[in-house]
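Right after this note come the structures.
Next, two complexes with subunit A in common: one pairs it with subunit B, the other with subunit C.
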Partner chain A sequence: MRACRVIPSGIYGHQGPAEGCYVPIEAFPLYSQKAEGTYLWDLDGNKFIDYMCAYGPNILGYHDPDVDAAAAKQRAISDCTTLPNTKMIDFAELLVETVACADWAFFAKNGNDVTTLAIMAARAHTHRKKIVFFKGYYHGVSPWTQKIDYAGVIEEDVMHNIYVEWNNFTQLEEVFEKYKGEIAAVIGQPYMHGNFMDNILPAEGFWQFVRKKCTEEGTVLVVDDVRAGFRLDLAGSDHYFGFEADMICFCKALANGYNVSALCGKEFMKNAISSMSYTGSYWMSAVPFAAGIACIEKMKKLDLPKILIEKGTKLKNGLEEAAKEFSFDLHVTGVPSLFYLRIADDPSLKLHQEWIAECVKRGVFFTNHHNHFINYALSDEDIAETVEIAREAFSVVRDRHPL
Partner chain B sequence: MRACRVIPSGIYGHQGPAEGCYVPIEAFPLYSQKAEGTYLWDLDGNKFIDYMCAYGPNILGYHDPDVDAAAAKQRAISDCTTLPNTKMIDFAELLVETVACADWAFFAKNGNDVTTLAIMAARAHTHRKKIVFFKGYYHGVSPWTQKIDYAGVIEEDVMHNIYVEWNNFTQLEEVFEKYKGEIAAVIGQPYMHGNFMDNILPAEGFWQFVRKKCTEEGTVLVVDDVRAGFRLDLAGSDHYFGFEADMICFCKALANGYNVSALCGKEFMKNAISSMSYTGSYWMSAVPFAAGIACIEKMKKLDLPKILIEKGTKLKNGLEEAAKEFSFDLHVTGVPSLFYLRIADDPSLKLHQEWIAECVKRGVFFTNHHNHFINYALSDEDIAETVEIAREAFSVVRDRHPL
Partner chain C sequence: MRDERVLAYCNLFAVLGSIPKLLELDENARKLVQNKKLSIGFSVKDGPCGTLAFDDGRVEMREGTKGCSIKLYFSSCTKFNGMIDGTATPMPVSGFHHLGFLLGAFTKLTDILSSYLRPTPEKLEDKDFFEKSTVLMLNVIGNAVVQIGNNDKVGMFSASNIVDGDILFGIGDDIAIGIRAKDHVLSIMKEAPEVSFSEMRFASLTVARDLFDGKINAVAAVGEGKVRICGMISQIDNINRILDRVSLYLA
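Now for the complex of A and B:
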């Protein structure tokens, strides 16, 4: 393969060997030809209903006309220049207006840039070192957030990391007791939407308990909304679950695929952020700011999360019904706009992976062990077609593995 | 100011308070209105000949028609999608063809993403922890590359960092002796183009000495070409100085401002890179790949670094002559396509800062204590106008501070 010669492992990220098995290796294509709305075409011209949405960024549909027009207009004026365009201020103001916990905004390029900034700012603010994570988390690729057994990570990178179980009140209480006065930050995704497991919503009162402990102990509460952001609540996924973060991280859906991320936070963290030496070559590019403004404005006008959750619920119901018809125990977990699929009958994962592969072969782009994403361009007809294809795929797998 | 309400410190990066004093605070504007070719306009409509080039990305001129056309063509097809477009392979092949030490390429968004990947890969490959830096370096904003006294940095982030003086053969020799078998990587910019100091080219044989020591000790040699890349040599700045890096980091000028960075390296590092868990939301966006391909192809066709060095040399000669006329000892250091300015008469920096401010007021955008950048759109007329303005500025400062 051409790619293998010039790119380490031919491809990287979710399709790469380090994170293998998210996607059905035999059934699915590695490269794409074009994209439009909710569809993706592979190099052979096969069309897919794409439920990965570029792993999140595609929230309004590929080539959303309003976002693309705003971006093109800004591009004709300026993009990456020596001094930022005032679109940066407009975008910050819009986020402050939209996001519940936001008194300010800081822009970068990756989710990882802003999760790292949040952790550094929490350490600067508290003069403490320890960070609490929820097991099953993903907060990017910087050494501090990787696992000790991952390639290139040394023990010093992660020696102040404390790992607690999601929804475990007692463990969190114990950790705050044991490391009293030492915990700089708790960082968590709004709910457990990790890979290789059913996604788990917060238990009743869990986030409120976390919030209370952080406030009492002077610990900074960081919500990583990179993946879930704007699919649950435009005011932030913390707002959706009825609490308020001290800082919240956005990327992906922030500008419908234009390359920008944002850290937002409360007034009391503004000085810590201002004191940091933290910047990047392209962080003031104006085109992604213009795209982000158009994206947020359109999402607000549509009250988009409500629509995406409705679409997701319709799909969830259809898939569960189709599974039942062929006696499969399909778990559709997480918030429906960000659903995770698992056939629970078979711990070997084989039945599940076969079913996903049969869906992909028929034009529904699901992945094996990663959550999926709903976008606004996904129509009722697309959902009906998806359910019908899923039904066929269940039928094929059941024929192969009769009860 | 509106920006201060919603953005920590109103602005960040080189204009922000953490890195204050690179730019002449009273004289210069904070935000821009538009950009074209080699020019930038502030919010009041004042036009500047922009020698910062977006701190590097602008290498062909803002709105280069060839790069913009290639990007627009790709945007109509796809940008950030679930599966990468084959433009990623084309871009990797072009870099392998162009860059002397490149057997492969890996793409990300920031220079910082690829310097961090290089360091992690060096640690993964060598199973060692220590990293050698040259004092005065800048390799991004990740904790491992920041200074211990910077906000948000903890001692564990930098405890394996070893700092040696640039061009100091003895110190490097001693460090390799003292930490025998422990040094994972040496990372350096192609020459010392740090801030607040005259830039320093490599001493005769210095890089060859570094290369020899790294090879002997099994240490990975990483060149950070984020700032200098493509302004010295399209084959890499290591090639310009007559040696070969094991890995080289590009960003900034790689795609004339479109948001992409790249790590290239030798075959023996490919497995280490493949083994890492390292990705980002937008890292496979196709538009910056198309822009990067068009940018590199145009730079190759023009043999661009030669042209930029010629333009820079013309400017350097003009500025030195103008300084002499008013009895200022102006140092123009570094490679002329990436020149650093310093009036050496006055250790308080006051004369220098006054002169820069007078240039900015008259429409030449210089900064106080950061290197400058030449781009292809800068014409002979622009250079002549710059020299004339610099002359006036020298005259004003000399009137104010007579000999």
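Now for the complex of A and C:
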């Protein structure tokens, strides 16, 4: 209530109770007191195993000592200054070395900053207007990323947006035919991790088909790796699925929670980026760069995506087994380091919402609408505890809804 | 931007379409049409056509004007909307001998309807009136959502993203209406669904009223626990986007 008096809706956006789908609201903590490793604590001191990881940024664990030490060291030197620190060059060089399609890197603060830059750059490069999206997408909050019926968005903001179904080869082909010579970019997340539905991996050859069409038609292919980045493949999720994007967007896991995002791309797009007027007050701050360098170096040393996928698989197996014990059809979809949960027995999701609420009440922070995130600090004991809590929650829900 | 055609659909099927509910709620309204068996057809060029059929204190709104006792023809949606606003007079094209009903009982009925839908603050202090007015507004808004979702360009986009299933809007545990989504076309249900695909429930009549009057916001109200949502939230999300447009047409 204190928050509601001074902040619109108390907590706005995806971390708020409405967009965050807190059903019922009493089951969910709203604000946190502190966080460490894979845990967060609510204002009453209740501890949660956090599977949302700040919706992605926490990839190594909250307060990772190596990342925090690098950030602290840089803070003592300089951060937001008139002339940028050379940490910016170091970070760009590291990304070029790490990310398969990267010949350069441009830094900003949020995922939306770089998805917007990618679209503007594609339009600048091609002198075309239209953008192709895959239905169920999320690319940020700027008007071009939203839809005609969103508050504050006008028709002109989205009049050049074209929507096609994920994995639909024919629709994509038709769109390229219909708008020949007009499509500036195709933008997509590496696979379909939309909300309220099982996540869908790319069909065999789909991305390769998209790549081929873009190359043939002179359209820029943008991969929005803000959500999945570094949880599938350190070289980029396009690399994981065997194709190469023209530009790729990173944020979330890039610096383990320090505020930086990056757009990386191929050499031929560099001039378009250089020609644009696009910057921000804090975009060249050095502390997040130092954190990002430490984060990427640690992830490389650990071969982190492999570890996260293993942890995710262990959890997936445990949850599926627990569900089966109580005759629930639990779907665990997507790549295991980025898993999505849905009890499929009730398509309205009410049963699923009950189960998630029971898990949250017992100290496992899941959401009922969004994919989850695995982080390095999640231990085998945490996974075992999660499965145990999930089992208890299944038991409670089954008692309420006997077979 | 407001579309006169969509407004005409809202005026016919949501505003006049709430007369059946009015008769359920208000005894004086019911008395006005007791022993009356006749129907008024509204035919709007390039717009909606519907008939209010009265039958001894009960009434139903149906699509089309076939077999109506009095037929009112409007040469445009703007003219029809003018009649609802009170700035234009309807011209019957048939059923002249029922003109007395039109100018008498029916006019009184619409006056009662207006008093509930555009109440004075003083009237709202009466608990019984407040409840009836809020229930009637829920009914009007539900019907308006259906019309906007099926006819308004932006509303249709929202409807195109609604998966099939019944959506329940309720106030407390006792008052509810249902909207059915089927193949991205919306319809109002005769009874609230017993099993819904998604639900949006206002904690009290006051919360519902405040939301209808724009005093509180639905997203903020969810955070405060004044509005509860569950089930396929994407349905609620898209219906809310249509709901946002209701004030564009019916404010």
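Keep this in mind: the second predicted complex is superposed on the first by the 396 of 403 C-alpha atoms of A that agree within 3 Å, B and C clash if a C-alpha of one lies under 4 Å from a C-alpha of the other, contacts with A are read in each partner's own complex, and residues count from 1 in each chain.
Going forward, a contact is a pair of C-beta atoms (placed from the backbone, for glycine too) under 8 Å apart; a residue touches a chain by one contact, two chains touch by 3 or more.
Since we're looking at a predicted model, the values are computed, not measured.
Peer 1: Just checking: does A:Asn195 make contact with subunit B only, subunit C only, both, or neither of them? Give me first, second, both or neither.
Peer 2: The answer is second: A:Asn195 touches subunit C but not subunit B.
Peer 1: Which holds for A:Thr313: it touches subunit B only (first), subunit C only (second), both, or neither?
Peer 2: A:Thr313 contacts neither subunit B nor subunit C.
Peer 1: According to the stated criteria, A:Asn168 is in contact with first (subunit B), second (subunit C), both, or neither; which is it?
Peer 2: neither
Peer 1: Is A:Tyr55 touching anything from subunit B or subunit C once the two structures are fitted on A? First, second, both or neither.
Peer 2: So A:Tyr55 only meets subunit B here.
Peer 1: A:Gln353 contacts which: subunit B (first), subunit C (second), both, neither?
Peer 2: So A:Gln353 only meets subunit C here.
Peer 1: Give one of first, second, both or neither to describe whether A:Ser9 is in contact with subunit B, with subunit C, with both, or with none.
Peer 2: It touches subunit B and subunit C both.
Peer 1: Looking at the overlay, what does A:Tyr150 touch: subunit B (first), subunit C (second), both, or neither?
Peer 2: Touch partners of A:Tyr150: subunit B and subunit C.
Peer 1: Among the partners subunit B and subunit C, which is in contact with a greater number of residues of subunit A?
Peer 2: B
Peer 1: Now for A:His369: first (subunit B), second (subunit C), both, or neither, which partner does it touch?
Peer 2: A:His369 contacts subunit C only, not subunit B.
Peer 1: Taking the contacts subunit A makes with subunit B in one complex and with subunit C in the other, which residues are shared?
Peer 2: Common to the two interfaces on subunit A: residues 8-9, 11, 16-19, 30, 150-151.
Peer 1: For subunit A, which residues are in contact with subunit C within the complex?
Peer 2: 1, 4, 8-11, 16-19, 21, 23-26, 30, 147-151, 155, 195-196, 347-350, 353, 369
Peer 1: Give every residue of subunit B touching subunit A within the complex, in rising order.
Peer 2: 2-3, 5-9, 11-19, 29-35, 40, 42-43, 50, 52-58, 62, 68, 75, 77-86, 88-89, 92-93, 95-96, 103-106, 108-113, 116, 119-121, 123-124, 129, 140-144, 146, 150-154, 156-157, 159-160, 226, 251-252, 257-259, 261, 270-285, 288, 365
Peer 1: Tell me, which parts of subunit C touch subunit A in their complex?
Peer 2: 153-155, 157-158, 165, 196-198, 217-220, 222-225, 228-234, 238, 241-242, 244
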